[in-house]
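Each of the next two complexes has subunit A plus one more chain, namely subunit B in the first and subunit C in the second.
Moving on, here comes the complex of A and B:
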């Protein structure tokens, strides 16, 4: 018989049934452990405070964006606009604390407002994504594509496409500062990860996100306000992007609206996928996303530290995603 | 009897899905130039039989002969080339392409290797003119209404030199006057020598256009008759598997369990209308009673339930809950008033498969279990343990994924999802579908006990005995209209079937 009308159930090797659940639960953790062990053996000066800080600083903004992305994906959606929203927050903040819009009586007030307003603006744009998706039933990938394109234009219009250079330590502590030797951005990352994990696990909101991603019709019939929850999720993704955007410019002492957050949406999605969260929604773990991002970062670091060019690192990153998806499929069947 | 060769003969068709028989020796015979109705309840095997005929599925056993030759189509395209075209319920054309393109899709006319548009447009117009449809064939298909789109489907089928056209519930989304037009087209097709297989649940339509009918039940073809020789009541009885003579002799069935319906009316729905599915539905449920909602497939039962629950909005009609007029904008409004709804399809609208028994059971009550949005997990566990024990839900523990449970236990979890809210009214759409015998009895007893304790239950079921034995009152829907309200004393198989078939039942349950 050439064609079968149903997928064959017996095609999965027996080993998947025993190894599968273990791999899906601890596979990414094991991979991270292996990477660390490999580096301890091979890479020189790996076990230093400095190496740890370099890796964590480089991964922090991606993790922060990926946390928002995890919530969006858990609800069954996707958010392509995160990079552009980063750029919007990044372009606006220096205009505020450099007194280019209004002159503030004190620098601290300007800096405080430069933290709050750009992040809220990014959140509002996220809310717009959610509104578009729920009100007009636009597919998330298309709905967020709109701001993916327009958002960067908006950011560029803030600065007339010019790079804004500054040196304002009061603002830049979020990218350069340290607290007991730990970079401030790493602390922000950890706080966001822990908070989001707690929300998903312990709150009504978190459970409703997962219910929507798992079965939207059932969730609606069970009294979940599907539209409102989805709007909130996209708003949170926008807030996370805004925070990440500020960290990037604080680190660089410059805001370049053409470059901030460029391609971050795919890095964030990759972190979610490598972490093992299904892109179809309904299941999600923020810690898994963190580990996924760490694996990608560490692989890149390992290759660079051992003299493999960055271009090759990209191919390895793609390989990791394929591996993660392959593992997911084996477990799903 | 005159010896004649049928256009299509399917005999002894068997088909199993993962060991579950869907067809058992099913047969179907269509004469040239006849319109043949194919009817049966949900799961009777109609669509499986059609999919085997059109090559979407492969049969396990049996033979098919078409125009005198033995055939086995390997795909719907092959069947189409062989002369069998199917028109599905959801029109499967390409909305953004022109009418002409849709008609000629896959077999475009060419001249010198280029598409010959003028010829195609001309032919498309000519084809449609046969059915009295005069439209601009250059316009995209979506510019026209459903009825016209259906005509385009038919024109496409005819242009493929089809000998047999299968229509799968073609009227389900048509307005009444559009149905008339379609009937005219079907008669015309018959006049031109085409044969038509007509799948529908609307009895009046079958009698209006069909010559013969084949009734399927439990994967078998249980009867074939000329429409003129079978009454609507006989037809319904055959679909439901009842022997009319026995039913008439026995009269009313015995009731099991007693109703304690109070005088307090919980909900009254009057004159509900939505789309083409619900035209004029009215019903009421009292506290402490099970009100049954009966009707053939496609009569609008589920749609009515969704209107009452606020999952859809009615075009017209009123709903009164606890004496006050209400308009539920979304399910949560109904839930806030104490209404619960177990939907028909557990998998599609009920369970969240990847969530645990605990999370599924408390999905609706979750906001009430929380302080400032944080779930009180101690109370949550208490409720879950309580209902798992009370309803006898068989699970390895509250953290087990619900998709690993049997159908009966999944249904118990979904019942518990509502029961833990202490509802006043529970709407149950096919509460025992796809559940084994033991689980079924459990759930039926549970529903009875709940009603006895004061809950109002609206129960939709396509199983006649469930409605009749379980209900204190029965409303019968036919073609989107409430055609009968039978009080307990008048509920009988005969009365319910008569109402389903003919749209009327005398109050004492006797016919004529």
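Moving on, here comes the complex of A and C:
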């Protein structure tokens, strides 16, 4: 699964052992399979549709954010603002469909606008990230730190830090609805994963992202419009965050600008890292990120369902990242 | 009775007394409060990022207005350092008395000492400080707040009665290590001791947040489908648990009884809708109580070191009448 694209012509170092390439290619998938086998043996009521349902619905928002993060990381950057952008979209949407800003003639119009405007706004803030980073050559970790801090403040100012509670099935469809028995947020997740994977592997845009991440100067010299591509990538990350923010509030029937998306940036980066994508950019796989997120989710589920306390869960999560880094080093050396 | 004190112990104790007296020249002298009609009162709020804090601030402001006092209000925005600076600036402004919810147990001590040195009495609200560093009745007037252990106990007692002493319980804890989480667990678990058929199947943290509480409940309900009750350390997590129960195709309030703590408006609405059993209030309305303490102190009364802020209890019998007064 962990297929990586290398646009720059460089010789991949040969690996001495036979196990090496197999591990780096299928290691995360094997880890996921092992986890599932472990749960089948140990966890009560594991082999049920409900388990699949719970895990997929819980992981959906992290995967959606992590897909955006994968593209950013592929371009050699990082996006710390994703959680705050989730909060901005989450705080704004209910104000729209509850007619707190302007009164819409019909509920459906309000709900439709509540889907579009907050996500676009999050995308615009993402674009702002990209503009800071390209126009002023701010390092991505610093450039996105600005909205990581300010973004939550902006979200809080929408609602005066109050939690907005609602019961609007038309809007909450994206968090609670189902198509042919499949939760809507899972469908959204799959669509975004497939779309991003296709963009990264098959389109010029995708190749250009990887080229920039691999060697920015070389990409610039070969005619890639580096600044524009980067701005787009951060905007996409913003859009993904906006969608995730809406799903979270739809699921909870409440928008709490203080808490929505808190710590998500780290979950998303962890998913990318566990999936096996190098944080230095130039190589990336969206499917690997999906597997990475599923592993983290399943570990959390396993520990929780078996009564292991939270503190231990955090340590195990860190252990997984170390394992992923170790696997990557095997490829690099 | 013969008391023998060794020479060494006597020396050690007296040396300790000398050091303590020398280090604290104002030992045991709480600054008095003059009797006046109008006071200039400082309220150094710790943060304003949740409904509970907003309700607390509103209560202080309303009561000050009602009594005609002048309120100097600051918001430390979640920073202990800023809160120290806020208190010091109130001292510089020469307020008569300071109400302080100390963000953390130790960092606020210098601010309390500074106020004491300037002759301004400090009353702690909703959170206390480390008693080894500052003593109630000595360095500050008193601490007034909720009794978290009692909150857990009252919820447990209601639940035992509601389910006839027999339940399989999932407990969703607050933030690991926080005093409300520790104490609400202690109060609840202790109260269950006398009922052997009240079994806690699992107990995990939901971080006091609705989203996390929902996810934890989804997972625990899958592992323990035989659960018949949920005790959440906050109403937000209880409401998250209700969403999880509904998603699993069960009926909250019927298949699974849900109880919480905090007494927020949304929880009372859930009680009215029959989805939730009961909740014990964690009262944010400190205004009337705090200003009454101030008056008692000005009258020269010797106050206890802890004054409990009374919490109400909500269930189906009173939720409808009380919902308008919930925060």
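Criterion: the second predicted complex is superposed on the first by the 316 of 333 C-alpha atoms of A that agree within 3 Å, B and C clash if a C-alpha of one lies under 4 Å from a C-alpha of the other, contacts with A are read in each partner's own complex, and residues count from 1 in each chain.
One rule holds in what follows: contacts are C-beta pairs under 8 Å (C-beta built on N, C-alpha and C of every residue); 3 or more make two chains touch, one makes a residue touch a chain.
The shown structure was predicted, so the numbers you read here are calculated from the model rather than taken from an experiment.
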{"item": "Fit-or-clash call for subunit B and subunit C when the two complexes are aligned on subunit A", "value": "fit"}
{"item": "Partner chain in contact with A:221 - subunit B first, subunit C second, else both or neither", "value": "first"}
{"item": "First, second, both or neither for A:50, with subunit B first and subunit C second", "value": "second"}
{"item": "Partner chain in contact with A:282 - subunit B first, subunit C second, else both or neither", "value": "first"}
{"item": "First, second, both or neither for A:177, with subunit B first and subunit C second", "value": "neither"}
{"item": "Partner chain in contact with A:207 - subunit B first, subunit C second, else both or neither", "value": "first"}
{"item": "Minimal inter-chain CA distance - subunit C and subunit B, angstrom", "value": "28"}
{"item": "Contact residues common to both interfaces of subunit A (with subunit B and with subunit C)", "value": "none"}
{"item": "Partner subunit A, residues of subunit B touching it in the complex", "value": "17-18, 56-58, 74, 309, 311, 330-332, 335-336, 341, 343, 348-355, 359, 363-364, 366-367, 369-370, 373-375, 377, 417"}
{"item": "Subunit C to subunit A touching residues, read off their complex", "value": "48-51, 54, 176, 202, 204-205, 209-211, 214-216, 218-220, 222-225, 239-240, 243, 247-248, 266"}
{"item": "Complex contact set, residues of subunit A against subunit B", "value": "1-3, 5-6, 202-205, 207-208, 210-211, 214-215, 217-225, 282-283"}
{"item": "Touching residues on subunit A, where the partner in the complex is subunit C", "value": "43-45, 48, 50-51, 54, 58, 156, 160-163, 165, 176, 248, 251-254, 256, 258-260, 301, 304-307, 309-311"}
